[in-house]
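Would you mind keeping the following structure in view while I ask a few things?
In this document, chain identifiers A, B and C correspond to the written order of the chains, with residue numbering beginning at 1 in each.
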């Protein structure tokens, strides 16, 4: 297993190189003159040109890229062009907030979605099933901004139950968590439902019943365990999508997170910040995918065997 | 243990499936009696109602769809059809076990085979263990009232694996790491772990290749004899029947149309139901020189729209007006050998259905 | 059955909670409240007013630092830290005397040394072109500072009110204070107590402030870029003051005014909004074309379409109440016939087409209205959307045909916008104007004072109205929003700087 993990971690290197290069190309192609944007409309062209030279923008593209990467491998993410602050500490300061709401969103989606999906499947075609399925469909299609606005209007303005912005108490996490997780929640319900429906019809479920197992055990221990596999992997994949997509939620709920920071930097063409955020996000996604694969292996022994090598080796180990 | 004691009695059982379009009449008046230690084979084509019959015994018909609407099933004197679900669960796996056709899918892929065998032990425990607990001094008793102790379970798992011919070190394996034959042995091990009184085997070797098939059958036969377990062997293969069964029931369109001992059924010189004759004729014979196989003409009837009179009449070469007019009643050809066919019923025989 | 019970329970819980919690929108209007929570439209890149040109830095800075001069109700510079001042005869030097007893927030005295230090620091940073007018700054003793200018510049005092000229403590800065993120020794009404990255800035009152300690002791500037977020926060009572993105949008204004417990606060938005035409492009070099466009557009309609009527039509680049304003210059009247006449007299009677760059959604609406109106006189307009930053780059690089842009007056005198017409120092000559009539007149007006400025200003404004170097459009109205009970006693500064020192709870 460890060999597999190390191999996957080594993949980080080409991924980071590929992503940074691509983003570097794109952000440089974006129109906008950093010197002009920083110094403002009233600065002389001379001052702007001088500033641009200071930033090193007169050098050829590949030279700048190589220079950036050579600093990056040493852990030097450079300074922001707006305010000359080191990029990495700023990113690391803002990253946890984004990570927290993403994790909460996924946990929320799975924690509510899986039970609802199971309910739907076990009571197929009942009223509960129809309600849950419709609910899932609405959630999966509702635009996030509409949901955010609706929730804030209801819970902050009218009911005054929840704070409308910020991230200082546990109450602040509720609406962003629901907003971010809504899509995945819809997905979870539907996926769990269809997966369970399939598994319930499998032969081993019949075997379990024939053994005299309680229906609860049949559903939760036997069928659910198997149907979780696609659901968990889908949610895990969504998690890495969410990580990059928190921008909107952070803007609406004024959360000091990475998404907001990145988008502002893109608009201002603050290249060191953009690159820094992208690197951190790319690394995160690779690690998250690795974690998902490991979890998947634990859920499905068939995959675990693939990672662990031949059965002979395991038998030998077990017998010893 | 009274060898002559009746273990299972099925009385005039009728089962239907309620689908959106029609009612499907899967079992239409089955009578069957099984003594302790007896092995009965139920032979028939696909769609004859064999599996439905088996599922009805265990109460495993699909909820809301499958319905027993007439008849009784008695097991050790207990009325199974009117037994609460909770009690039925205690019977399943402990007193009556069932094994199914496809070993590849009968096992849960995410648990080890050892755990899956242990599950049935945790649920029920074995009779021997229960006896031991009763007889043991208070200090040695397992405090865990709910069932067997872990050590006892582990020991029994090893024991039963050996019995089915699998190394006990394999209990940590997952199903996908075992071959088809081994998987089926695990399934059998699970079924026998709690020393059931009755084992229902629904085409247990159909999905296996022939060499494994004979091994598995030999093993079933051996265990059955050793522990005096009653056996219902559902199959479409006479070879399987010949190896394992004492009695044979031929099933067609939800009815048992012929029943007798192994010798009686296999004796071609005796009178038989035309369907039975057709079945035997369709077996390829290595010794004779027939250029073509001789199947029974026609198809099994649609259980949603069964024909009038005798269900076999559309395909029967001896069909008469009487056959399409009324269903035949049971006729005894000799001691222990019955048949349901107008050819053998007395002129004044009572009508069947 | 169980599930139904649960649902019923849950529903009744929610209903009950909502009845308990629902209350009319009202601010906490107890007198004696000394804190305020303000929505700030973005996280400023820095608090160092001398090293940054962002508006957000300017607004933050104007609450942190004190200036030698400030604008009074008439828009004239009056002494703030300065007690008195004296010009020399030809307006090439001014000596300023500081008030007595002025202190920084750590209790240390503000001296002439600090003034000199701050001026030199600002000049070194070079973010404001006003510093180029300063030849040298010298201190005479503790209280006197003399500014020697590079040329006569009568409006220099206006310059000293702009945010770049805040007075910093030499001792603190040289002693290593973090000017950009945590300036806790300041001359202004507040200093920074905490800057929570990405979240908010907490300001604390300066007890030694020369005007006296402000009533609001703690101010929390919360970064919220989204107007809706700010609106709901205001409505739910989570914030007390809302600036949106430098003023409310029309819909927000209406909503606030209809909500009980909230009110809007108007301010003079000095953002001169106009269409910049590149005179290097052949059509726009023709004055008749420019005059045609000037009367072909209906400013009232544009205002209605783009800002829901929250603006006034613009003519000369200075508003009433500010330095250099002259009466009698109305916005050009909408006259299609006249426009057609001008077109006929121009070198392009059959019309032409050009590309108009628009940056923000409201400017895009300006653009589309103009597009429809110019079509009537045979001019086809193609609208191209770009980001404002990109548009600025393109304009200053001369890489455009026409664009909608706005310029905010930072100091309160028309001289702040004169670089737009400068044919010599062409960095701000967005339109690439070739004719130096206007700039000469404006420069001359900055070398005399009082009524003497009028003839020069008149010359400049006449030329502006006659030759239409830029097509003026409007002055947008500015509104902030606040919870009832929160009052602001002083006018809001230039560029919409709100001064927390003027806030109080009643």
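By our rule, contacts are C-beta pairs under 8 Å (C-beta built on N, C-alpha and C of every residue); 3 or more make two chains touch, one makes a residue touch a chain.
Here the structure is a predicted model, which means the values were calculated and not measured.
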Arrangement of touching chains [line / ring / star / complete / other]: line
Chain pair whose interface holds the most contacting C-beta pairs: A-C
Chain whose Cα mean lies nearest the overall Cα mean: A
Rounded Å distance, chain B centre to chain C centre (Cα mean): 90
For chain A paired with chain C, centre-to-centre distance based on mean C-alpha positions, whole Å: 39
Between chain B and chain A, distance of the C-alpha-averaged centres to the nearest whole Å: 53
Interface residues, chain B side, partner chain A - complex: 58, 60, 88-94, 97-98, 100, 102, 105-112, 119-120, 123-124, 169-170, 172-174, 176-177, 187, 190
Interface residues, chain A side, partner chain B - complex: 202-204, 206-214, 222, 225-226, 299-302, 305, 311, 314-315, 318-319
Residue numbers on chain A that touch chain C, as the complex places them: 31-33, 36-48, 80, 82-85, 90, 93-94, 97, 128, 149, 152-153, 156-161, 163-167, 251-254, 256-257, 260-261, 264, 267-269
Chain C to chain A touching residues, read off their complex: 3, 17-18, 21-23, 25, 42-43, 45-46, 52-54, 126-129, 180-181, 196-199, 222-226, 228-229, 232-233, 235-238, 386-387, 389-390, 392-394, 396-397, 407, 419, 425, 427-428
